C-alpha cells in the first residue's frame, strides 16, 4: 500500500510540475511529460516510501487548506514582527534557545512542523532530535519546555496531527 | 563618465583579468590560486560575452509571442563560446580541487612555496 | 594587501600594468555594443530556417558549432575521469566523520530529489526552445545527486549505472554524428532529421536528441564527480 | 488584476528590503538568520507571485518558483543555522537561555 | 575514401564506450586504444595521397565554410595525424603490461582522449575549436601526469594545471579579441582578413595566443611545468607528452603565426626564443641525476630547436622544423619507453641506478642508445636529417646573425652529446652494481614498440626521402596563406 | 664496386653481430672473411682509373657519391689491411670479455666508417661516415669500463665539437657554391676570397685537428688510446687518427688546391707555416710527456700524438717531398704503432698490468713478442732498415733544405724523446728481473702473433724496399700537383741528396761491428736466473723494488715542470664553466608556481612592450 | 520600464546592498553564509522582476535554475560549515 501511495504521489507531483513547467497542453508535451513522469516515478518512488505521507482524504484536504491559511497568517505576522524589530531604533530582542516537544510521527510531518516554526514569528528551528525540536527564539517568553511547546508548536501541531494522522 | 558607461563591461572584464592574475601571482595558497584562475576565466568570459553585446539587444531566442527581429538580437556566437568556456573552466576547477585534496594528503599544506619537491 | 606590497607584488603590478595596457589597447578596437560579425549576423538571420531551433544559441551550439560541443562533452568526460582516477589513488584514506544531516534536510532532499531530476530533464529536452540545454540540464541533475549526498549520507548512486549511462549517451552523440555522415550528405554531425514545426517540442531535427544525450551524459558525469568528491572527503 | 499584481509585488519587494535591514542590524547569526528567512521568503514569494498575477500566462511557472522558494528557504536556512550552532558560533550577549546542553549531541560543546 | 571527421569520431566513440566495455568485458579495454589508433593510422595514411593533391576540407554539420567548423586535412594535418596515431598505437601496446598494477580503464580513456585531442588540434580549421581540443589535450595530460597518485606526480600535475590554465585563459582571451575584431573564427577566413600584425588589433591577440599555446609548446620561458610533469608521469605518458603533445603545441603556434596571421615580423623573435629554449633546455639537462628529468629537459631543448627551424621561415627551415618535430617525437618516445622499461625493473629513476641495464634489458638499452644518438643528430639515425636541414637553412640565409645563432645551436648539440653519451656509457659499460631489482622480469609486450621505433628511426634516418617530400608540401601548406584562404573559402 | 665495398663492410658488421649471437667462432672467421674480401676489392680498384659513382641519389637533395683516387686508394687499402690484421689479433684477445658481439660489431662499424671516409666523393658522405666512425669509436673507447668512461666521454665531446665545425664548413661551402662534390668544389674555391678560405680552413682544421690530435686538440687522445681495448687502440692509433690527416690533405690540396693553401699569408704568418709550427709543438712536447708515463699504453698514446705531429708537419709544410714524407710516415706509423699496441695489449692480457714499473723480464717468457716489439720500436725511432727511417729522413731533408732550422730542430728533439721512451718501453717490459708473479706467463696463440709478425716483416720490408710505397705516394703527390720525385725500389734520390738502402746497409755494417765489439767486453758476466732471486729466504717483493722503477728520474726532475699540460687545464676550466653555467641556468626552475606564472606573464609583457613602442635596441 | 518597476528594483537593490554589507562584515563564516542565502533569494525575485520588465518569459527558467542551484549550494555550504572552520 505504502509503495503504491508513494508512486502515486510522486507521479502526480511530477506530472503536475511538468505541466507547470511547460504551461501548455500540447499533446507532444503532455505525452513526453507522462512518459518522463512515469519513468522517474518508477525508478525513484522508493525514496518516498517511509517518509510518512498521509493517505488521501477529504478531511485531511480541508484541514490542509486551513493549515495553509493559518500558516500564511503566521508568516505575515512574522514578517511584520521582524520588520518592527529591524526598524526599531533599539532592536528590541530577548533571544535564547529553548526545547519543545512534538507528538507528530513521520518525517514529513515533522519537517513541515519545523519549517512552519522557522517561518513564523520570532522562532527558528535549529535542530530536530527525536521528539524534540531545538528552537531559537528571538523573544524568549518562557524557559519551561511545556510552556514553550504550547506557545510555539501547538498552533500547528493541532492541524498537522489531523492531516498526518 | 560616458566612457565609463560605454565600456563598463570591458572595464569589468579587464579588471577581473587583472585581479585574477594578481591573485595567481601573489597568493601562495593553492586554493587561492585556483580561485584566481577562476576569476581570470570569469573576466575572459565576461569579455567574450560583452564583445557580442548589442546595445538594446535581446537574447537570441525567438518565442511564440514576441516578434523580435534578428537585428535586435545579440550575437549568439560569443554566448555559445562562453558556454563552452564555462564548462571547460568548471572541469578544470573540479580537477584542480581534486588534485588539491591529494596534494594536501602528501604535503599536509597547500602553501605552494613549501610544495617544491620538484625543481631544478 | 600585504602580499601586494612586497617585492613580488610590485613585480606583479608592473607586469600586469603592461599586460592590461596591451589588452586594453586591443579591446579599445572593438566598439562596445555594436557587434560586427558576418558569421553572427548570418546565424541570427538564417538560424531559424537552417535549423528550426528558436533558441539561436542552441542552433550554434548543437548545429553550426556542434564539434565544439562534442569537444566540450569530451572535456567534461576527461575531467570527470581524471578526477575520479586521481581521487581513487589514495595514499591514506582519512576517516573524516560526516554527521547525519538533520531530519529536515534529510526529508527535504528525499522529497525534492525526483522533482529536481524532472526539472533537469525539462531543461535539456527544451534546449532548442528555451534557454536551457544539455549542459544546464545535466548540471541540474548533478545538483540533485549532490543534494542526495548532502542530505542522505549513506545513499550512493550506482557507479556502474552512471558509467553505463555516461558511456552510452556519449557514444550516442558520436553515433548521431556518424549517422549524419551516412544520411545527411556526408557531413559529420549534420542535422539529417526533419526540422518539424516551429516551437513544437519535436522539431529542430537532431538537436533535442543531442541535448538529451548531453544532458544524460553531463548529469551522470556530475553525479560521478560528486560521488568521487564525497567519497574522498568522507 | 494587473494592479493587484503590482501591489503584491510591491509588498514583496518591501519585505525583501526589510529582510536585508534585519540581517544588517541583528546582533548574532541566529537572529540574522531569522530575519533573513522570514522576510525574504515572504518577500520573494509575493514578488514572484505578483509578477505571475500581472502576466496571466506566466502564473503557473511563477507559482512553481514561489512554492519552491517557500519549500526550500526554510530548509537551507535551517541547515545554516544548525551548522552555525554545531560549529560553536557564540550566541549574542543579550541571550537569556541556551537549553541545547540537554541533548547528548550538544552537551560537550558550549 | 575516408572522411577526416572519422579520425575524430571513431576514437571519440570508442573512448566513450570504454566505461561500458569495462563493465561487460574488462579485458577488452586495453585493446580499444590500440584499435582506435590503428584505425586512425591507416585512415590518415590513406588520406595522405589525396591530401597531397589538394587538401581535404571537411565541413562539420554541412554548413558552408566560414559558418561552420571545418577540418582541413592537408599534407600537414594528415602527416601529423598519422604520426600521432603511430606513436599512440605503439605506446598503447607498450601500456599493456606496464600499468597492470593500477586500475586501467580510466587510464586508457584519458590516454585515448589525449591523442584524439592532439588529432583534433592538427586537423581543425577553426581557432576556437583549436582551443577546445587543446583543452582536451591539456586536461587529459594533467590527469595522466597525476595518474599514479604519487607525491611527485600530484605536485607536477598541480603546477602543470596552474600554468596550463593561465595559458588557456590567455589563449581564450586572444580568440575573443580576434572574434571581436574580425567577426569570424575560421582560420581560412581569418587568413583572408588579417593583413598584418603591425596594429595592436592583430598583434595583441597574436601575442596572447602564442603565449597561451607556448605554455603547452614548452618554449622558454613558458616551460617550467615540463620537467616536473614529464619526469613524474608514467613513462608511457611521458613518451606521448614529449613525443606528441608539445610538438602539437608547437604546430599550433606555427599554424597561428604562419597561416592565420602571416606574422613574418615575429619570425626572428621566434628563432631567438627557440634558441634560448634550446640552450636553457640542454644546459639544464647537463647536470641531472634523474634520467627522466634529463629527458624532459632535453625535450625542452628539442622544442627550441624546432622553434628555431620554424622561425627561419624559409621553406626549407620550416621543412627542417617539421622534420625535427617528427624525428624528436619518434626518438623521445623511444627514449622514454626504453627508460620506462629499465625503471620498471630497477624501480629507480636515478641515472646511476641504470648501470648494468645492458645485461638486464638489452633491447631497452639499445633503444636508449639509438634514441640518444638520434637526438644528438648522428647519422644514420633520423635525428641527423632534421638537424642537418635546420642548420643548412640557417646557413643558407647567408646572414651573420643566423650564422652566430647556428654556432649556439651547435654548442647546444655539444652539451646534448655530453649528457646523452654519459648516460649511454652508464647503461652499457658500467657493472650491474649488485642493486636489488624491484622486479625480476619486465613485460614482453613493451618490446614491440621499442623495436618498431628503432627500426623507424634507422630506416627514415637512412631514407629521409621517404618523408621529406611530404614534409615539403606540409611546409608549403603552412606558409602559403593565400592558398589556404582560397582552399577553405573558395570551396563554398 | 665502390658501393659493394661499403655494402660488404656495413652489412658484414650487422651480420657478424647476429652470427655472434649464434656462435662466436663463425662470427670471428666471418668478420675476417669480410675484411679480407674488402682488402681484395680495394686492392683490385688500384687497377682502375679514378672514378666517381653516385650510390644514393637524392639524400636530402644531394647525390651522395663515392670516388676513388690514388690518394683515397692509398688510405683505403691501409685501412683494409690493418683492419684484417686487427681482426685476426682480436680473435684471442677478446675472449673472456663481455659483449663480444658488440665489440665485433662496433669494430667492423668503425672500419667500415673509415672505408666510407676514404671513399667519399662528396663532403656530405664524408661527414656521414665520419660521424658513424665517431660514435662507434666512442662506444669502443668506453668498452673497458672504469677509467675508460671519462676517456670516452672526453673523446666524444671533442669529436662532436669537431663535427659541428665540419658541418658548418660543409654547409657554408654548399650555401656558397651549391655543391658538395669534391670534384666540383675544387674548381669553385679557387675564386673565393682569402678571408672566406681561412674561415673554411679553420673550421675544417678544428675538425681534423681534433681527430689528428694536433696540439691544442690532443687532450682526448692519451686517455682514449690507453683505455681502449688493445685491438682497437691499434685501429685508433694506426688508422682513425690518420683520418684527420686524410681530411687535411683533402681540404688543403684537393679542394682548395696547393696554390691557395700555400698562398694564404706570407712568411711565418702564412697559414701553412702556422700549422707546421703547431705540428712542431705536437712533435716535441708529447714525445717528452711520453717519456714520463708509467703506463705502457699511455706511453704509446702520447707517442701517437708526437708521431701525428710528424705527419701533419709533412702534410702542411707544402713541398712535394714533405707531403710524400707525411703520407709515408702515416703508412709507416699505421704499421709500427698497430704492432706496438698489439704487443702491449698482449702483455697486458698476460700480466693484467701495463704499469712499466711492475713489468720486466718477459723476454724469457715471450721471446717472439720481444722480437716483434723490438722491430716496432725500431721503426718508431726510425732506425735504418726500418720504414720509419725513410719517412723521417725525407722530412728532415725537407726541413733542412727549405731552411727551417726551428722545425728541423723540433723534429730532431722529438726523435730524442722517441728514443728515450722506446728504449724504456722495451727495457722495462722485456729486460730486467722477471717478477715472481709472472712466472707462469705462457706463450700466446698463433692468431695473436700472426698479425704482429706480418707487421714486423712489413716494417723491415718497407724499410729495405721503400720504393714499393714511395711509388704509390709519388702518384698521389703528382696528382695533387707536385712535381714527381725520383723514386727507386731501394730509396729515393733528389737533387739535394740521395738515400738508399744499400748505402745504409754498408754504414750499418760498420757500426754494427763496432757495437758488437764494444758489447763483447761487457758481456763477460755469468748468467743467473732472474726468477730465483731471494732475499733472506723470502721472494723479492714486487713493484717498486725492481730497478726499472723511476727509470728516468733525473730527466724527469728536469723536464716535468715544463710539461704540465696547461691546455688540459684550460679545457678543464671550460668544462667547469659549462657545469657552473648549467647549474645556474636550471635554477630558474625554482619549484614555486608563482615564479613560473610570472615567467609566462613576463614574456607576454615583454613582447607587448615592444609593440607598444618601447624599443630596447 | 516605468517608475514603478524602477522603484521596485531599487528597493531590492537596497536590500541586496545591506545583505552584501553583512556578507563582507561577517563576522563569522555562518554570518556570511546567511547573508549569501538572503541575497540569493533576493536575486531570484529580481530575476523574475527583470523578466517582467523586459517581458521575457525565459527569465523564469533562469530564476528557477538559479534558486535550485543556490539551494543546493547553500546546503553544501552548511554541511561544510558544520564541521567547523
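Each chain gets a letter, A, B, C, D, E, F and G, in the order it is written, and its residues are counted from 1.
Methods note: contacts are C-beta pairs under 8 Å (C-beta built on N, C-alpha and C of every residue); 3 or more make two chains touch, one makes a residue touch a chain.
The shown structure was predicted, so the numbers you read here are calculated from the model rather than taken from an experiment.
Note on connectivity: the fewest steps through touching chains from chain C to chain D is 1. Chains that touch both chain B and chain C: E, F, G. Chain nearest the geometric middle of the protein is E, using mean C-alpha positions. Of the two chain pairs examined here, C-E and B-G, the one linked by more C-beta pairs in contact is C-E. Centroid distances from chain G, each centroid being the mean of CA atoms, peak for F. Per-chain Cα centroids separate chain A from chain E by 61 Å.
Centre to centre, using the average C-alpha position, chain D and chain G are separated by 11 Å.
Averaged Cα coordinates give chain B a centre that lies 29 Å from the centre of chain E.
If you average the CA atoms of chain C and of chain G, the two centres end up 23 Å from each other. Among all residues of chain G, those that touch two or more other chains are 57-58, 61, 64, 68, 75, 79, 82-83.
Residue positions of chain C with contacts to 2 or more other chains are 8, 11-12, 15-16, 19, 22-23, 25, 27, 30, 35, 37, 39-40, 43, 65, 68, 71-72, 75, 78-79, 82-83, 86, 89-91, 99, 101-102, 104-105, 108, 119, 130-131.
Touching two or more other chains at once are residues 586, 589, 593-594, 597-598, 601-602, 604, 608, 611-612 of chain F. The list of touching chain pairs reads A-C, A-D, B-C, B-E, B-F, B-G, C-D, C-E, C-F, C-G, D-G, E-F.
Listed in rising order, the residues of chain E touching chain F in the complex are 158-159, 162-163, 166-167, 170, 200, 203-204, 207-208, 211, 214-215, 221-222, 224-225, 227, 269, 279-280, 283-284, 286-287, 297, 358, 373, 376, 378-380, 384-385, 388-389, 391-392, 395-396, 398, 403, 406-407, 410-411, 413-415, 417-418, 421-422, 424-426, 428-431, 464-465, 468.
Those residues of chain C whose C-beta lies close enough to touch chain A in the complex are 102-104, 106-108, 110-111, 113-115, 117-119, 121-122, 125-126, 200-202.
Residues of chain D that touch chain C in their complex: 71-72, 74-75, 78-79, 82, 86. Residues of chain E touching chain C in their complex: 3, 5-6, 8-9, 12-13, 15-23, 58-63, 66-69, 102-103, 106-107, 109-110, 113, 116-117, 120, 124, 126, 128-129, 132-133, 135-136, 139-140, 142-144, 146-149, 154, 157, 173, 177, 179-181, 183-186, 199-201, 203-205, 207-208. Interface residues of chain F facing chain C in the complex, by the touch rule stated above, are 594, 598, 601-602, 604-605, 608-609, 611-612.
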